[in-house]
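Chains: A, B, C and D, in written order; residue numbering restarts at 1 for each.
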Amino acid sequence: MKVLYFAWVRERIGLPREDIETNAATVAELVTELRAREERYDLAFSDMDVVRVALDQELSELGASLVGVREVAFFPPVTGG
Amino acid sequence: MKVLYFAWVRERIGLPREDIETNAATVAELVTELRAREERYDLAFSDMDVVRVALDQELSELGASLVGVREVAFFPPVTGG
Amino acid sequence: MSVSVQLEDFDVGAEITALSAGRTDIGAVVTFTGLVRSTAGGQDISDMELEHYPGMTEKSLAKIEAEASTRWSLQASRIIHRYGKLLPGAKIVMVATASPHRGDAFESAEFIMDYLKSRAPFWKKEGTAGGGKWVDARDADEEALDRWD
Amino acid sequence: MSVSVQLEDFDVGAEITALSAGRTDIGAVVTFTGLVRSTAGGQDISDMELEHYPGMTEKSLAKIEAEASTRWSLQASRIIHRYGKLLPGAKIVMVATASPHRGDAFESAEFIMDYLKSRAPFWKKEGTAGGGKWVDARDADEEALDRWD
């Protein structure tokens, strides 16, 4: 599964994208898995209130299923315009 | 007193401006005076609901006083923009 | 704040550039441009003749602009209104407003257009197959003012 | 309806001309332009770095534009958003909408900007004396969406 990070989430994790092998059924499970891996993930995902997620380039929710999903992206609330 | 006409008021009266000697105290009195003068004025001012008036280039009302006024303008409701 | 009543066409991009030239405090610029349409009420329009009241026109536009700048945080504004004979597709009017924030820029531009439509002394005459026809004022334009009370 | 996400600057006047080129049915064009300000919250800003999510960005802007055209009588629309490093005074974003009527052009442009602000995947980092600082999302921007429900 392709996982992308943007803005300060990217900076905290230290890379813009990676391929991750996971059996996580939901976004929340994937986050838990990543936080257990290394401190930089734990730091990036310490407050999920300020992290947004997109599944295959559509805004989604923490509880959403990852079945069939090819691309997950984590980022802060958007600030364009 | 300088009197100006615009749009179809101008067309009905047949001229864009004229100097008028009058003792009319209000706009309404001036209109009555003009209507009595000639049919073209009577026609232009037959329905005062669709005629607007400006005194010295400020929108005003039929009942307004003409004391001290130098320029009166009659025209239809505006349609610019 | 500036107002022009003119025969000539104008360039909206150049007007935006002029509004914001040399300054870095503007966050939002909104422009409205009104164009001559080739049909009105199902009828073909060959041209549009715009008459105005020189002197009063400039005063009334400046007054509308000044009123907008008391109601919103405006850093700059510009009103251009053409008169004379215009063909379908031609620009008639432009309003531009600049503010630190987008809400103020949008609202003030709408306010200026609403007041201009019902208070600035312009009159449109449409050229049709049956001859010239003065455009009637629309009740909706007068009613549009109510929301700004 | 068209969307561009680009490094390059753009010309609002040229975009309006392109929207209305060769047609005489448009009565109203509204544009919004967002610019980089040199201060934010009392702090000096030396530059603004804009990051985005290529692929999702274009899709989300196209979706917002499509939604606007189901809600209002839109004849044409255009969204341009820049990314990369921008200096104070630089244009960031432009939205243009064209409609037979001014109300639709104004409302749809505001709608597009409100949704873009809270739904399009862009992130701003301000350059300050103390280093780069990611801009926080504003509650007011999220709340601005409520009026379109």
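FYI, a contact is a pair of C-beta atoms (placed from the backbone, for glycine too) under 8 Å apart; a residue touches a chain by one contact, two chains touch by 3 or more.
Just so we're clear, the structure is a prediction, and the values are computed from it rather than from any experiment.
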Chain D and chain A - chains in contact with each: none
Chain A and chain C, separation of their C-alpha mean positions in angstrom: 48
Length of the line joining the C-alpha centres of chain B and chain C, rounded to whole Å: 26
Residues of chain D touching at least two other chains: 34, 102, 113
Junction residues of chain A, two or more chains touched: 81
Every chain pair meeting the contact rule: A-D, B-C, C-D
In the complex, chain D residues that touch chain A: 34, 50-53, 55-56, 59-60, 81, 92-93, 113, 116-125, 134-137, 142
Residues of chain A defined as touching chain D within the complex: 4, 6-8, 10, 54, 57-59, 73, 75-81
Contact footprint of chain C on chain D as seen in their complex: 11-16, 20, 23-39, 88-89, 100, 102-103, 105-106, 109-110, 113, 144
